[in-house]
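Order of writing sets the chain letters: A, B, C, D and E. Residues in each chain are counted from 1.
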Amino acid sequence: MKIALSLAALVALALAPFGVSDYGLGLLIGAVTYVTLASGWAVFSGHTRYVSLATVAFYGTGAYTVAVLNEAMPYWLVLIVAGLIGAAIALVVGLSTLRLAGVYFVIFTFGLSELVRQLITWYEVNVTGTLGRYIFLDVSAREIYWQMLALGAATIALTAWIQRHRLGLALRVIGDDEVVAAHSGIPLARTKLTAFVLSATILTLAGAIASPRWVYVEPSIVFNPTVSFLTVIMALLGGANRLWGPVLGAVPLFLAFEWLSARFPDTYPIFLGLLFILVVFALPDGILAGLERLKTRKTEDRA
Amino acid sequence: MLEVTDLRITYGKHVALDGASISVGAGEMVAILGANGAGKSSLLGAVGGRVRPASGQVTYKGRDLLRLPQHALVEEGIALVPEGRGIFPGLSVAENLDLGARPRRAKARAGAIREQVFTLFPKLAERRAQIAGTMSGGEQQMVAIGRALMSAPDLLLLDEPSLGLAPIVVQEVFAALARIRASGLTIMIVEQNARATLALADRAYLIEAGRITGSGPADTLRTDPAVVRAFLGGAAVAES
Amino acid sequence: MTLLAIDHVTKRFGGLTAVNELSFTLAQGEVVGLLGPNGSGKTTLVNLISGDLAADGGRITLAGETLTGRRPDQVARAGVARTFQLVRILPSLSLTENVMIPAVFGAKSHWGAEARAVARDALERVGLAGRAETSAGALTYIDQKRLELARALAAEPRLLLLDEWLAGLNPTELAEGIALIRSLSESGITILIVEHIMEAVRALCSRVVVMNSGRLIADEATETALRDPHVIAAYLGEGTDA
Amino acid sequence: EGDKVRIGYAVARTGANATGAGITTIPNYELWVKTVNAAGGLKMPDGSQRMIEVVEYDNRSSNEDLVRSIERLASQDKVDLILPPWGTGPNLAVAPLFDRFGYPQLAVTAVTDKAPDFVKRWKRSFWLLGGGHDYAEGLVDVLKAARDAGTINNKIAAVSVADGFGIDLISGARPAFKQAGFDLVYDKSYPLGTSDFSAILSEAKASGADSFVAFSYPPGSFGMTKTAQSMGFNPKVFYLSVGGAFPIYPGIADGKAEGVMAIGGVNADSPAMQEYFARHTKEIGNPPDSWASAITYASLQMLEQAVARVGLDHEALANELSTGSFDTVIGTVKLEDNQLRDLWWVGQWQGGAFRAIDPADKPGASAPIIPKPAW
Amino acid sequence: MLVTTLILGLVLGGTYALLALGLTLQYGISRIMNLAYGEFTLVSAFALVALFKGAGVPPLLAIVLIAPLGYAVGWILYAVMMRPLVARAGDAGRLDVASILATFGLMFLIQGGLLVTFGADFTSITYLDQGVNVLGVPVALNRLIAFAICVVAGGGLVLALGRTRWGLALRAVAQTPGSAPLVGIDVNRVARQGFALGTALAAIAGASIAMHQTFSATDGVVFTMKALVIVIMGGVGNVAGTLIAGLALGLVETFVATAIDPGLTLAATFAIFLVVLLWRPQGLFGRR
């Protein structure tokens, strides 16, 4: 039943570009991109509670790969290569962060994104001698949307599968108590790495898919840390450890951003900040948990 | 000196303590006995300010304790050694003890009390500079008890103080409790080592499933067949 | 047949040698007590066996297989389960889920209904079957200890390490606990018990190993050890309550 | 309703680009709209006038948001005209959209050597601020003249900010310096976001160069000025890029801006320019910067005049912008191959005003002051 | 040259360390992961400029006025906004999440307010800009002042935390807030003090930044992240660690800028940071 509903929604979403303006399509792309990012992020961070700020390192790497390779090979091949690069980086990063916990991990991943950005900048400046790169690809907004939608749907399906699978249980236990996890026979390193690489590959692909929309790419544009922050915030706001949590965080927040900034171009950060604080206070465990609480209260009232 | 009336403690829907009333006189040592989950720790926690009761009253020297926040009770002269010890694992042993001596009345006497604690637990003197969290389980229990003593309390609340201590240390702790009592300290103790406890205590309360089901002088209870069966473990210790 | 062999194992923390050239063995099916004053190195040894700590010297083997140098999860899958001196449960998960974990990830790796069945069995053995679906955080300290034991059992271990698992039980409960451990032993599990309650040690262990300051000071039959003047002086004290 | 002209833009109000946009772009857009509306509105070919109504979004300095905002302006709000965002990257990012929706794009605040290619790719795009090479070569002209006159030595110390802009300039400058026979004794880039320049400047000072050249952004330009002052670094030529021509610069230099060179410049003596400065100061509260501000304003005047001639039809407008000539605050403008080539490359603070000094043969050029007076 | 590098590096490091001191208190003691930290410093920087340009108050005097104001603001903010979060959070992980989310909103709120009030322009003042000769190296006086403030504030804090009863109580709360009431410590009060003191330090840092650096209303995130990197590198809640990490970063940046390539300064900053964490996952002086 739930699966059927999800599939129906997916079909409806896939058909949506035929009924909306270019702007509508832009909105859809934006929303789906953030849903993908937040859900992809949660594949690793949702249960393990390792808050990663490396999102943009992968997202940007995806975009950069396209920028570097788009004239050298066919688009689909570029996407595959991007995914592989993302996975490879994630493996190295994952291996090096295994000993880090809590806020140390958070800031490490932030530092890592910045390091990547600085090194690419330095490389381009000193070796290639140019900084900006162009992506003149003939990918229409619709195609970008469908690709992103497919990636987003695949991410959610993957999450659902993981939750029902040993990997999901292992991640949850790791999130609760790593010592217990280890003594129960869970291989910590392998489990964390698997999830991290999966998550990173999704994030990298998202960057690769989105990049043709930007045309001009340079490190300060594609490695913009705001993306990492927004992703975390959206996932946490919705409820990072639930299947639909990231969706419920990403879509409203994205729309709120959009609406407020259009409505109050000068003062919207103030409203947004207030709204945000309000939500945090009103819905302590995220939007999804809030909704569920509301639902149980209703059923209890009826009973 | 301490009056607990009609105390009710709930955790969500679960009722841990249901209308318990006890009283402890000045200088008395009172033991609380009961099975696991009976509500002993909840009762002690409520007196020590750790647990907020749903209803009831706790008065100490005529003051309503429930109106005070937990941290204020230390100034009132109440020290709690909770279940799970509640030490500062990141600080050194010496710092843990110093923190115990925060109340005004303890500051002046801190040096002398520290000596007493070190006599009781020589290990602590030896390991003053060690980070408390890296001590063994029993050693940490010593830190917890030592720290409570450092506050020069007039009411000492002990939740299973002998837990995890080697037999030789348990004997020392009980011997020390006997000495401390002699100096007029009031003690409320939850302990599974009922035999040793009753040997020392003046009175005891029995608590079952959240209710007080019996009480009396320790001497009487020690020979009460029902108590022996439930708390002193009749059969298992045949040789005594 | 020797199941566990501790062979000249040493562990240092800075200047402190917590375990010092320690050697003893455990035969298959044996229940042995590990005694010693506070801070003598018992928990450290348990941590060394279970892979939480890496030894600075010596070797630990389980049925001939070397454990030293292995990670905790590898040791767990090799058939060693443990409880912790300070209980470690997952408060946000239900009892069943808590106990399922080693059933899923342990040596046998069950899944789905099978894992649940293993979990239910284990809960039943410790007497918690009735509360299988409550969340572990709501249990009392003692019940949490039970839960921890159930979790260890669900791993279907060959060797069980109990670190003061009986501490804090009242006499009635203690009797129950002893019976429970005995039943485990009867089902063939080898058990190493760290305990300060002599009553329990007497009831369960035919043999004890006694440590002091990281060294072995006795490895003999329980009754002999408990009368050993060294053991009395270092550990039991004169007014032995045992 | 049909009697208003709806003009939209999506410029950075927040984020990294907010500062640049807040100084150069937004004030001019606002000033222009205000001026036009105060005069009764935009003139149409039929002589009627229509008031301007603005639709504005914040692109949050993110190209993703920027792209979406432009789509919104074009497909949702269906505005009559769209004004471009601030910065090279953002202008490139929206170029395909302007092209697809057919809007003319008057890319002002974009410095790129690739403009000729872009013009071919996007027929309705116009590039008005030149390329990195132009500015670099202009600077070389100035330095060469001074060296040949014996005023400065042959050594140059150059630093560049590590982003597209800085790199474009330094990579244009290197060959130009070399060709002119200069010795580039110090040549380093520094990352965007650098806030401490003590180390860089003490190296530059130690290099013995008479000319210090910084291809920098405002925070760097300001930081280097202050650091140079506090460490007593007094090169004979002190050249900065973005920020050097900002109205706040003399204040930052503690009133000692005299002789500092920077990118851009205006003909400070032209009455049109003086009137523009006065109006900007009055309406916005502070004077414009002396480089891209005037050009931004000029681009709007071009648009205004083109509309008056051919109306709002995008194709006709693009055509007119491409071929017509316009009367603006920077003088008469006529684009060559959709690019504005008649620009000032180097300016210098002289007597409290930032004056253009290169091309030296362009009418209105002032003579450079070299060596710069000590701080 | 080496002396130059050393002195310039230390002075730069001092400004970094000063920036991070407040954050280490707010996160280390009060457990609030304050993403709006940089905005706090900015508000103070703008306040200093406004006082200086608007009312002619000399910046050094302005700092003396701003610091207690910062304390008061921090105090109120903790009581009104953070306290409820702490009360409902239970464990540290959940408090991290709650405070990240809440202060993220606060960050927008303050940034928006600054943009509306001060616009997006670069702001800067000229004050005590002259070079002072330190062992033959010219250093701007205002930076030297920032360095001095850092040494005084940082050193004072190290002493106060390490040697006084008040400091011991603060550390106790920092490490195990759950146990603190057992020894009569009012956790709420101590956490509020820590947060307010952190805000006061943020205000001092912001004011000193205004004296020596150009800034704009959108710079907050940069400050926050720089401070965070330093705090983490030093070990959460460890003031001495923060000081050392800040100085180390300053030295590394200056060394890389002079000896290798200024283009790699930020890369070096992050590389050093990552290497330190790989070597010591709990920061230089952090405890696990």
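One rule holds in what follows: contacts are C-beta pairs under 8 Å (C-beta built on N, C-alpha and C of every residue); 3 or more make two chains touch, one makes a residue touch a chain.
Computed from a prediction, not measured in an experiment: that's the story for all the values here.
Asker: Would you mind naming the chains that touch chain C and likewise touch chain D?
Answerer: A
Asker: Keeping to the contact definition above, tell me which chains border both chain B and chain E.
Answerer: Of all the chains present, none is in contact with both chain B and chain E.
Asker: Starting at chain A, how many touching-chain steps does it take at least to reach chain B?
Answerer: 2
Asker: Using C-alpha centroids, which chain lies at the maximum separation from chain C?
Answerer: Max centre-to-centre separation from chain C belongs to D.
Asker: Averaging over Cα atoms per chain, report the distance between chain A and chain C in Å.
Answerer: So the centre of chain A lies 43 Å away from the centre of chain C.
Asker: Report the inter-centroid distance (CA atoms only) between chain A and chain D in whole Å.
Answerer: Their C-alpha centroids are separated by 36 Å.
Asker: In whole angstrom, what separates the CA-based centres of chain C and chain E?
Answerer: So the centroids are 47 Å from each other.
Asker: Pull out every residue in chain B that's touching 2 or more other chains.
Answerer: As it turns out, chain B has no residue touching two or more other chains.
Asker: Please list all residues of chain A that touch 2 or more other chains.
Answerer: 118, 121-122, 125-126, 266, 268-269
Asker: Mind pulling the residue numbers of chain D that touch at least two other chains?
Answerer: 13-16, 162, 189, 191
Asker: On the basis of the stated criterion, which chains touch which? Give every pair.
Answerer: Those chain pairs which touch are A-C, A-D, A-E, B-C, B-E, D-E.
Asker: Once bound in the complex, which stretches of chain E touch chain A?
Answerer: 27, 33, 35, 81, 84-85, 88, 92-93, 96-98, 100-102, 104-113, 115-116, 221, 225, 228-229, 232, 236, 261, 263-264, 266-267, 270-271, 273-274, 277-278, 281-283, 286
Asker: Per the contact definition, I'd like the list of chain A residues that touch chain C in the complex.
Answerer: For this pair, the touching residues of chain A are 166, 169-170, 172-173, 176-177, 179-188.
Asker: Along chain C, where are the residues that touch chain B in the complex?
Answerer: 13, 36-40, 42-43, 85-86, 138, 140-143, 164, 167-175, 178, 196, 198-199, 203, 234-242
Asker: Please output the residues of chain A touching chain E within their complex, sorted ascending.
Answerer: Chain A residues touching chain E: 49, 51, 96, 99-104, 107-108, 110-112, 114-115, 118-119, 121-122, 125-126, 225, 229, 232-233, 236-237, 266-277, 279-281, 284.
Asker: Which bits of chain B are touching chain C when the two form their complex?
Answerer: Chain B residues touching chain C: 11-12, 14, 33-37, 41, 83-84, 123, 134-139, 141-142, 160, 163-172, 192, 194-196, 229-237.
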